[in-house]
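The two complexes that follow have chain A in common; it is paired with chain B in the first and with chain C in the second.
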Partner chain A sequence: MMLRMRALCRKELRQLFASPIAYVVLTVYVALTGIYFFQHLVSYNQLLFVYQSEGMTGGGFDQGTVPTRINVLNEVFVPSADDFGLFLLVVLPLVTMRVFAEERANGTDELLLTSGLRPWEVAFAKHAVTYAFVALLLLGSAIYPAVVVLRASLGMEHLAALLLGQLFYGCAIASLGLACSSFTSSQIVAAVLGYAIPFVLLDFAWLSNTVSEGVAAVLREAALLSHYGSFARGVIELRNVVYFEGVALLGWLLSVASLELSRAR
Partner chain B sequence: MTFLPAAGVVMILVGVGSYYATRSLHGMSAFSGANVAIGLVLLVLGAIAQARRFRGFSGSESRRVVVRWIAILLGVFAGVVGLDVWAHAVTARIDLTVDRQYTLSDESIELCHELEKKGGPPVELVFFEDALLAKDVRLLVDAYGDSCPGVQIRDASRREPPQAARDLYTTTATTVIACRHDVCDPVGYPSERNITNAVARFTRERAIRVYFTVGHGEIDLASESDTGYSGVAAMLRDQGFDPQAFVGPAASEVPADADLVVVAAPERDLMPEELAVLDRYLARGGRMLVLAEAGQRSNFYSQFLPRWGFALDDAVVLDRASSPLLQDPKPVNLLVHRYAPYNPVTRNLGPRTMTLLPRARPTELGRNPSAGAKLDRAAFASPRSWVSHDVAAALAGRDVAPPDSSDPHEISLVATGRYPRAGSEEDSSQEARIVVIGDREFVSNRLLEALYNRDLFLNAVRWLGNDEQRIALSDKGWTPNQDPLTLQQTVAYFYFLAFALPEALLLLGIFAWWRQRA
Partner chain C sequence: MSAKIEAQRVSKRFGSLVALDALSLEIAAGEVFGIIGPNGAGKTTFLRILTGYWLASDGDVRVDGLSVTRQRFQVQARLGYACEQPKLYADHRVDAFLRLMGELRGLSGARLRAAVAVASERLGLEEVMHRRIGVLSKGFRQRVALAQAILHEPALLVVDEPTVGLDPAQQIELRRIIAGFRGQHTVILCTHQLHEAELLCDRVALLDRGRLAAIATADEIRAGGSLEALFLAKVGTHSGFAP
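On to the complex of A and B.
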């Protein structure tokens, strides 16, 4: 079984990196995260300048009195992490849309399912390779934050928490996108659904005024964003890990169910 | 894909997207709501239409697979929800911040246990989710809910806060208010120190009793006029103090239950017997807060305070850069932003936390009354200020020119004194303490909430009331490097990460595409 899985993963990796879409996604994500991180850094530098020049111009304040609350963590790291989460939402459906839908459109899914591979193995390999790609995306975008973490004495553990959170969050979004892809042969449909479902799941604050308090609490618990923020602040909470892993598991099971259904028809 | 579900998805996306784009202006707009609602209807209609045309489920095998998988998915979903509920209950977390920012310090935990041991209803931390700092503070507040047995978190957006908390809520700057029963205490900047201090007041056995002397033209605690102290009285009660009047001429001693005595600007002389009562009170380790006033000539200033090491000249401090906060700015309205950093009375106050002291009297140190006494100056007027002895003219608003030449010196506006008791020098809780603030109007009803006046006053009464250990709970030790990258370094990294690296990746993509075509 291990041999089969390894062969399947290798095939998926080859397929992923043979198409330019993976590189385009990597390019877009790394460029976007670089630009936004830069913007936050520039704004932060300007903020520091304002504080420091206020002291220098003798506006009644002593020099060097930038409040400790104004620091890289609060002004750059946390807002950037929020941005990065949204960028993952933007780029990941572009990767997941083709994974199952392309096989279905080309008819190669039948070949796979009749080659002795079980549906869960096929789904597992496709999910695993996509998660590995998510990890690669995150590594590409982690260089800038890593430099700042080192220079600001923020602690590498904090960066590890952020990356772990992004990985969980990215895998959950990818898993939903893969589940959408597994139910259709149209990559466009897979992409639209891959955007729509995580986008709607992102935050239910827009519904909170129209539903009862109990329902609002459940919706808040179901929202992606309410589980993502604490990682950026350096805290790994079990409930958030359970949530993201639960979403990823459900996405994988939906993919397996879709393949089983295809085989049964 | 048919038209209906596609249109439904588009409308839902536009509805939710427009909500996100405009939520800072208003809540859910009619446009967003209508888009989401119509989109959902279209999606359902589309799904019904699709299902009717869906083929392949007629066979029993297909139906069996569908039923089995629906059961599996529901089972797994229920399992995930169960796990999630369990994870909420155990509240396990790993704090990887460099200063363990979201893990409560030993002092806070100890206080929580103290609170639990005392029993009674829990302290509620009312958390306002709409506050500007809510996102940053949420994890810290949760830490209290998880680690503090006597503390509960009450989310104001989910459960209506008590009336007292609603009264204290002002703007989105209010993040946390600590409440027990109907008594609430707002937490300023929601750091661990401030939240723990707010919780701490509920652990005290009894309210700290504060006696205000009356009968010599002092400010009236009950007066609701602009210059009255009814606001101070209400604030003290809110903060767990018990303000009372002390009728000096009728008393042979300061009451035994007095934790501190406030002498708020006596206009007339005190009788020698009254001064002796106050002397005896201090000699046995009493605490006193003096709020002085420029232009007053009571013997309290000229006889009593010098005996305890303070020299309050009959003068007024002036500064041309007087506060524009007042409708009629005069040089007597001082903005104070220079504090002694290690004095407990001015702790937490700094260059950005100014206080406004109108009609302040210079509060200097005189001859030290005893070898063990420790006298300090705690707050200073700006270097541009000067002292004028023409008090009447200055208070009347007439132009009083600064001296032509004067040596630059610091004019003290707040001073403190500590007088250890013989035989218990090491025990600071036994020592007498005096705080002299050169102004009485800064906590009048008109100015109590101005700038950080309230904080200066509360620091003083807390220190005098032996409550300073709560003020002293230090913030976490991490000092961030606030300037990690210069602008040049930032730009250099930017070129590499936003241009060079993406460029390389794009070239790799073109190569992959070319190879695939070849």
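On to the complex of A and C.
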């Protein structure tokens, strides 16, 4: 089984990097996160400058002239994590839309599913390689927060928590995109669904005024954003990890179900 | 090594459309069995059910006693399938693709290298082994499809429309290759080319509108004149041919 899985993963990697989309997404994501991270850093420095200028007589922010809420964590890390999350939401469906839909459109799913492979193996390899690509995206953009963590003596746990949070969040979004791709042979349809579903799941605040408090609480718990924010603050909560892993598992199960259901067409 | 196949009242419905209607067939081990019929007769549908790609609405197919419905992975381990209009990974080189398919079939190391070498030799692929599949001619792509189907030396080889769209020289060459499979596998050959079925097959089944319209041995076909005569007699009027 390991041999088959390794071969399948190699095939998926080859197909992923045979298309220019992977390189474009990688470049755009790393560039966008760099620009926005730098922007938050500049804003933070300007803020410090303003506070320090006004309290120049008393010395720098170490002397208490800068409010404690103005710090690198709140002004750079947290808003950057929000931006990074949004960028993941924008770029990942471009990667996931192809994965199952292209196979179905080209008819190569027939080749795979008649060669003794279990549908769960096919889906697992596709999900695993896409998650590895998410990790690669995050590694590419990790340089920016890493430099700040080192320079600002913030503590490596903040960087680790941020990256882990992004990884869980990215894999959950990718998994939903892959599930969408598995139900269609059209990459356009897969992309539209891959955008629509995570965007709907992102935040249910728009619904909270129209439903009862109980339902609103459930919706808050179901929203992607409500489980993502704490990672940027360096807090890894088990419930958030379980939530994202649950979404990723659901996406994989839906992909397997779609492959099985396609037999009964 | 060859397999016996029994199709037992196999039906496939797509909504109100009946693609296969209680089809029953028996194919002996080692036989080269042809399936012919007009477009929409249910030939490819039957092959897709036999290979476990589709689920039958009713009935079952057994390969050496193993049910495709309940034991499809064991059945798939015994068969090689070259589907219609070869569906291959165009971005792979031929050697990489064959290695991939061999690994997916559980081959590794020396066994994998030997299987790829044997398949490429049998199919005459040596000169294109380092080329990308996407740039190959249709004839070579069809050969690659056949090569991946025989890598694991399956008991049953299922070949769907192998010569469609090929020039006459490629058709002749591919028929020679398929004839070479005799004695090594049970072969199910689905084709539109009546003379191809006549040349290669021990028996031929004629499907029409999802049903078995006729089944004849090579001798019976010769005694009746030709497969074309049988085809026209059974389905000529509604397939657009006038006998």
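Brief remarks follow.
To be clear about the criterion, the second predicted complex is superposed on the first by the 253 of 265 C-alpha atoms of A that agree within 3 Å, B and C clash if a C-alpha of one lies under 4 Å from a C-alpha of the other, contacts with A are read in each partner's own complex, and residues count from 1 in each chain.
Following the convention adopted for this analysis, a contact is a pair of C-beta atoms (placed from the backbone, for glycine too) under 8 Å apart; a residue touches a chain by one contact, two chains touch by 3 or more.
Everything numeric in this text was worked out from a predicted model, so none of it was measured.
By the touch criterion stated above, A:30 is placed in contact with chain B alone, chain C being left untouched. Ranked by how many residues of chain A each touches, chain B and chain C are led by B.
After overlaying the two complexes on the shared chain, residue contacts for A:110 are found with chain C alone; chain B is out of touch. Of the two partner chains placed around the shared chain by superposition, chain B is the only one that A:233 touches, whereas chain C remains out of contact.
Once the two complexes are laid over each other on the shared chain, residue contacts for A:18 go to chain B and to chain C alike. Looking at the shared chain after the overlay, A:7 reaches chain C, while chain B stays out of its contact range.
Within the superposed three-chain model, A:131 lies out of touch with both chain B and chain C [touch as defined at top]. Looking at the shared chain after the overlay, A:147 reaches chain B, while chain C stays out of its contact range. Once chain A of one complex is fitted onto chain A of the other, the partner contacts of A:264 extend to both chain B and chain C. Common to the chain B and chain C contact sets on chain A are residues 18, 264-265. Residue ranges of chain C in contact with chain A, taken from their complex: 14, 48, 51-55, 73, 76-77, 79, 81, 83, 85, 87-89, 91-92, 96, 100-101, 103-106, 108, 148. Residue ranges on chain A touching chain B, taken from their complex, read 17-20, 22-24, 26-28, 30-31, 33-35, 37-38, 41-42, 45, 48, 60-62, 65-74, 78, 140, 143-144, 147-148, 151-155, 157-158, 160-161, 186, 188-189, 192-193, 195-196, 199-200, 203, 205-210, 213, 216-217, 221, 229-230, 233-239, 241-243, 246, 249-250, 253-254, 257, 260-261, 264-265. For chain B in complex with chain A, the residues that touch the partner chain are 1, 6, 9, 12-13, 16-17, 19-20, 23, 27-28, 32-33, 36, 56-57, 59, 61-62, 64-66, 69, 72-73, 76-77, 80, 83-84, 87-88, 90-98, 101-102, 135-136, 138-139, 157-159, 189, 321, 335, 337-338, 350-352, 382, 478-485, 487, 490-491, 493-494, 497-499, 501-503, 505-506, 508-510, 512-513, 515-516. Partner chain C is touched in their complex by these residues of chain A: 3-4, 6-8, 10-11, 14-15, 18, 106-108, 110-118, 263-265.
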